[in-house]
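Note sheet for the following structure.
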Amino acid sequence: MTDQPRYPTSLGTSSATEIHLLGHDLAEDLMGTVGFGELAFWLVAMRRPSAGEVRVFESVLVALTDHGFTPTAIAARLTDLSAPGALQGAVAAGILGGGSRYLGVTEDTGIFLAQILTEAAQPLPDTEAGWDELAATALRAQRAAGAKVPGLGHPVHKQGDPRTPRLIAIADEEGLHGPHLRLFEALGRMSEPVLGRALPLNGAGVCGAALADLGLPVEMLRGFALLARTAGLLGQIAEERRNPIAPAIYAAVDRNAVYVPPLEPDVP
Amino acid sequence: MTDQPRYPTSLGTSSATEIHLLGHDLAEDLMGTVGFGELAFWLVAMRRPSAGEVRVFESVLVALTDHGFTPTAIAARLTDLSAPGALQGAVAAGILGGGSRYLGVTEDTGIFLAQILTEAAQPLPDTEAGWDELAATALRAQRAAGAKVPGLGHPVHKQGDPRTPRLIAIADEEGLHGPHLRLFEALGRMSEPVLGRALPLNGAGVCGAALADLGLPVEMLRGFALLARTAGLLGQIAEERRNPIAPAIYAAVDRNAVYVPPLEPDVP
Amino acid sequence: MTDQPRYPTSLGTSSATEIHLLGHDLAEDLMGTVGFGELAFWLVAMRRPSAGEVRVFESVLVALTDHGFTPTAIAARLTDLSAPGALQGAVAAGILGGGSRYLGVTEDTGIFLAQILTEAAQPLPDTEAGWDELAATALRAQRAAGAKVPGLGHPVHKQGDPRTPRLIAIADEEGLHGPHLRLFEALGRMSEPVLGRALPLNGAGVCGAALADLGLPVEMLRGFALLARTAGLLGQIAEERRNPIAPAIYAAVDRNAVYVPPLEPDVP
Amino acid sequence: MTDQPRYPTSLGTSSATEIHLLGHDLAEDLMGTVGFGELAFWLVAMRRPSAGEVRVFESVLVALTDHGFTPTAIAARLTDLSAPGALQGAVAAGILGGGSRYLGVTEDTGIFLAQILTEAAQPLPDTEAGWDELAATALRAQRAAGAKVPGLGHPVHKQGDPRTPRLIAIADEEGLHGPHLRLFEALGRMSEPVLGRALPLNGAGVCGAALADLGLPVEMLRGFALLARTAGLLGQIAEERRNPIAPAIYAAVDRNAVYVPPLEPDVP
């Protein structure tokens, strides 16, 4: 009897001769057989996804990988400028921007939709009218609470985010057009009648709805956005090293700094 | 004329109606068509990989995704314990362990092999004997410099890392068994005759050799290990949330702390 | 007319011959004259603190600097083990644990107290009985809402956290025993009569109350805990490098890993 | 007999009734008595510094705390913009820029000077001429090796960094003008005769020399720059929250993005 606890895991374990992952032989059963996106899904869902699920899942990752010069991409480039030789630091700095405002929308939308579906009368609607009614009720509740509706609206793509119809079409092709996506679409349809203006369904939101329809745990959805963004950050950092812009960004800010007296009095 | 610089990029750009990535329409041309691993390769290499290249590339990612309770996995779990609600922080903490000692081997091996090949007489060997000679020269040089050979040896898999022959076989199947892998194999064969003991080719090293054979920039190879590990960290954190072990790890360390006077004198 | 914005700041600016900080000459007016804790206070509060305020402020930082083998300290040590040569990564990994569960208490307490005081009838109480009444009302409201009271209770120091009376005494000596501390003390006194059990006032909480009494912005209080912890992490990492324990922590976890089948079915 | 190791430490330990740090009672002996900078020194050096050592040490921290809109400050502001509510992430993103290029100079200079002094003939020089000779030899060796001399030269303060003479004066006042500073000054004097142009002694470098003269371990010097910068980052983030500029920085970069075809061919 020892005070040393045991640490259970269903993920990676290894012996001198074997490496196991998810209870399978990594070299024999997974390498060359299981795709990377497929493995990422499996590691979180603890079940191997179908080919159709993998296609929808990877479509979401592709949609979220890179959005050009986002604050996260700029932060990663500036960090690689000031701390070259520690790539992990530049990637981590970019990932740390994956919080509530931008990448968080995917998770927020998934959680919001899942909650409505959990509290909704069963069975769930099987007609568009039924979904619209459920959506209208939810929109009224958010408005009454003075709360925003996650996934609705976009600062740039005001006429609609091109990723949204495409992802819904892919989910449809794979027979994975489930209740979270249906409810999300209904929220879009009902935004004008209920909220008074037509709000586009943004890409981050539709990604959250699609991931929730895949049965992935909604409280982990931000993680998939971070995974996608990690690949995007590698592209940004590789480009920064080929053709640097961080020095020009830094110089443009520093050169245009203007000293202003503090807003609060500076009384010794 | 303005002092505002322009910022060139070949990655993501967007307008009110379109989102482009790598010069392609994200929604129409990439989502549902390009795999996630394929896109990650493309973003760094700036060329779309072939199906065979994708299979080797994803095999490498799968090989590096999770190694169980590594220091990075433990750090991520402890961070999620102390800062719940900021998943990006737990992932970043894990990624920050992706430095020279563990995940760095992949990059170090790729850089080491690439350098030997660059400096080698052209054309490169076309026989095993030729590769062995090149490897023997490199091993002698490292020994003379008192330097380790990256990718050789493993603390656990002393009889050989099961990932190594598997990845070489996959590269072979795809016709991507190139000079970096050939040289790496030769280093393994010559380790006993030159260094006096047979050192296994470790998995992190063979991954570096395979990525270099794919023509990926060797100074970015650590980044792919970080990408793979990000997926592994999501699995670790999701498991931590389902079935926590971080509190027990913390308690086991804290409970067994022993105060010892400082090694150096504590003189006021 | 250019599209280049100007970036106002009241902090650091420099020219070829001078470096200014907070509108003062860094070399002539601040170095050797202003203490480091004093400067940290000034940078956030935008006013130079008095000697008494500096003493209370630095007492808080000292109280929060190091708590031994916390999850943050262990994460930093493990990160320095796996990524040696990137000290900033090990420090950052430790800081990332400065979230809601542990270091967050300081800020949560400050915000909680400030809110009660803002909503309280003015003038604020001038008798212990008056503070107790205000505290009792707040405790009942938290209980009714099923919410915890930040700063009350401690897993280890059940009989009272030794930092609490000491910090209150220091604030008292400096004439800085203000309404946040008075309310916090009253919450402690009323916890038994209202909540049914005497809860100790923990050290993280009293630090938040004291910082709020110094007039520091409550939404930045977590930052001072992070600053203090950064110094603690340097001590932890320096000790790790002199006398490593991370390898033993890692080995103890890895050696005691037990594979368990996933809780959820693993159905292909 | 158990397989559970013990974990020795000379830093923080606690029991139900006491909290110890560095072998002292935290509440009774340290809070209100020991300054924060003093404690940071003590935690790394494992000895309590004298009042003069504290003054020099805090002068270094003050010199390094904030340099305005550095890449690290911009990265922290952008991270707080995209992930509000996780202050630790914004601070960590800023700290991750504390690498070789900027904050690293302090450590690089300390290590460079310490190495010359270790290899120098003993006793060390006691005349300016003697220091100049030692410096000239070191400068010639660096030039022969094609290596830069850490701490020499500054992109902005070409006529001299105002922090340098001030810190030397403070060290002098405290009787802590030791061999690292003397050698550093000599390197400055000899840069013109040996390297052909007068290079100013930069502030980051003189800080490294002064910290080394305090007997702090040179391989930890970057850590003190990180500690100082953490306070500066709090100031930057607090200002960002009062008066945001990150949205304008982000917009200026995003608005001026120009798509350029990849440098490498994009061949499917």
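So that you can tell them apart, the chains are marked A, B, C and D in the order they are listed, and the count of residues begins at 1 in each.
Criterion: contacts are C-beta pairs under 8 Å (C-beta built on N, C-alpha and C of every residue); 3 or more make two chains touch, one makes a residue touch a chain.
What you see is a predicted model; the values in this text were computed from it and never measured.
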Interface residue overlap between copies subunit A and subunit D, same or different (over half shared): same
Farthest chain relative to subunit C (centres taken as mean CA coordinates): B
B-C compared against A-B, more contacting pairs: A-B
Whole-Å gap separating subunit A and subunit C, where each centre is the average of the chain's CA atoms: 30
Separation of subunit B from subunit C, taking each centre as the mean of its C-alpha atoms, in whole Å: 37
Length of the line joining the C-alpha centres of subunit A and subunit B, rounded to whole Å: 24
Residue numbers of subunit B (touch at least two other chains): 3-5, 7-10, 13, 68-69, 83, 85-86, 88-89, 92-93, 96-99, 103, 243, 245, 249, 252-253, 257, 263
Parts of subunit D lying in touch with subunit A, wherever the complex brings them together: 2-4, 68-72, 74-75, 78-79, 81-86, 89-90, 92-93, 96-104, 242-243, 246, 249-250, 252-254, 257, 263
Residue ranges of subunit D touching subunit C (in the complex, touch as defined): 3-5, 7-19, 21, 25-28, 30-32, 34-37, 39-40, 43-44, 55, 58-59, 61-63, 65-69, 86-89, 91-93, 95-99, 103, 156-159, 161-163, 165-167, 169-170, 173, 203, 217, 219-220, 222-224, 226-228, 230-232, 234-239, 241, 243, 245, 248-249, 252, 255
Complex contact set, residues of subunit C against subunit A: 4-10, 13, 20, 22-23, 45-48, 83, 85-86, 88-89, 92, 96, 252-253, 256-268
